[in-house]
Amino acid sequence: MMMSVDDLTAFLAKEYPQLAESGDFVVDEVAPMSAKLRMRYDRRHLRPGGTISGPSMFTLADVGLYCAILGELGPVAMAVTTNLNINFLRMPGQRDLVAVCRLHKLGKRLAVGEASLVQAGPDGRETLVAHATATYSIPPRSSSGGAVI
Amino acid sequence: MMMSVDDLTAFLAKEYPQLAESGDFVVDEVAPMSAKLRMRYDRRHLRPGGTISGPSMFTLADVGLYCAILGELGPVAMAVTTNLNINFLRMPGQRDLVAVCRLHKLGKRLAVGEASLVQAGPDGRETLVAHATATYSIPPRSSSGGAVI
Amino acid sequence: MMMSVDDLTAFLAKEYPQLAESGDFVVDEVAPMSAKLRMRYDRRHLRPGGTISGPSMFTLADVGLYCAILGELGPVAMAVTTNLNINFLRMPGQRDLVAVCRLHKLGKRLAVGEASLVQAGPDGRETLVAHATATYSIPPRSSSGGAVI
Amino acid sequence: MMMSVDDLTAFLAKEYPQLAESGDFVVDEVAPMSAKLRMRYDRRHLRPGGTISGPSMFTLADVGLYCAILGELGPVAMAVTTNLNINFLRMPGQRDLVAVCRLHKLGKRLAVGEASLVQAGPDGRETLVAHATATYSIPPRSSSGGAVI
């Protein structure tokens, strides 16, 4: 991998200080074409009815997929989200929520992936709470692998 | 309309205290099958590069469409977002961003609409920054128009 | 399962005579919350450049997910597609294309699922050619399991 | 415009012979960042229940938006659909269906647009039957405007 869990954690802390300050977003794993990002349960993410808010879930899916791209391309890449489609399937419980992210394609210009937002229940079984697919525009890179600026 | 701009403002203040406290989200207009929601420019919504964050734009589109539904159905309806698809088209500037929302369909079970996120430039011309379509599940209502609980 | 591969094949032949007459669409598998539908390679599905057309891929994903729903609910259900989002990832080759379909949710009113459109290469390795997620509206059913008409 | 209605009609006849042979798809209009494509009512597009099939509507939206792009860029551009999201809103009647297409963005690498699929009723009023948004990848062009091959 171009970036480890520690590299990604440090990168997010610098690039997304608001996420990092909250301490709620934790990089659990990075692997070829994939990543896992955890959102620790906190009252801030709640919306009426005691459920986790849509924007918090959007953020988790989007940043999780961004981590999967960074793991492949390294920190120079400033990928930009161009499309995100999210289906909200079940009311999440008041527990940690994990984005299991997998890239379908990492092309020269576009990356496409899916994020399954899952929660572990009291019995340890995982429930799919929401599912997103997203497309990212990859900036042109020089032949040495660095971003062209 | 079942709810006026003032009704919607009071409703959001009660139901979404975090949005309301910020003072950033302002209901500009509600009309048949449509609504306009404004996000006042504030440093909080920024992400690296000085642009407005994706989650803030998601929230603006989602809450704006929710206002259009509430305007038609009244405050009893607890519509739930089931799908939201958003295209990010241009980097927004550091200015107010307005969601111009229009319902395509308001059925018994599903509502579908689109939100155009626009900014007025220094010359007054509007630029389309992002565009979302979303589906909401409408809870069953009694024949008298009230929600069945 | 409420319907077997043979049941589904007979159902599609009756309900979608155009698909069935072509002989191109074959139900490979039905299992809990899932199904596999194969589109045999045929010149008719080509578009300029020798690739399989977008509408053919749309049909494969849509009918494949419909089979997964029918397998769970039985032939009385007239589920209707309300939303379909498809990402085209790679040019398909001139070979069979299989929709591997999985339901994320089968609720009382909505079903949501994903279809991975894959091709086996000459070396047997599978390539993901396109990926779709879709939502279906489920008609009200009587308590005995039959559709309410 | 780089291409007129007649240019587009001739282009589609050559590039999409199957569409053209049917005689069902008619370019009604091309204008800056927009186009209208009509699908003449024909029994072939029907699905069970006497309604127009989803794949036919997919095709109408996709080809209509492609026409809007061709009108701007000319026939050299081989734009490729990368994402299409479609909401089916109402059962279409057994009448012509028109895709009113508008580009939201025509960038160097990506084009994004929306297609409203409408039908004129017996009273002349238009009904929105389906709504799609789609993204196209634009191939690199030489500085003289021609496609780089």
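Lettered A, B, C and D in written order, each chain numbered from 1.
Here is the rule we go by: contacts are C-beta pairs under 8 Å (C-beta built on N, C-alpha and C of every residue); 3 or more make two chains touch, one makes a residue touch a chain.
All of these numbers come straight from a predicted model, not from anything done at the bench.
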item: Chain pair repeating B-C, as identified from B-D, A-D or A-B when over half of the contact pairs by residue number coincide; value: A-D
item: Relative to chain C, chain with the most remote C-alpha centre; value: B
item: Pair joined by more contacting C-beta pairs (C-D or A-C); value: C-D
item: Computed distance of Cα centres, chain C from chain A, in Å; value: 29
item: Inter-chain centre distance, chain A versus chain D - centres from mean C-alpha coordinates, in Å; value: 34
item: Chain C and chain D, separation of their C-alpha mean positions in angstrom; value: 24
item: Shared interface positions of chain B, touching two or more other chains; value: 82-83, 85, 87, 112, 135
item: Residues of chain B touching chain C in the complex; value: 82-83, 85, 109-110, 112, 135, 137
item: Residue numbers on chain A that touch chain C, as the complex places them; value: 85, 87, 89-90, 104-105, 112, 114, 128, 131, 133, 135
item: Interfacial residue positions of chain A with respect to chain B in the complex; value: 15-16, 18, 44, 47-49, 54-56, 58-59, 62, 78, 80-88
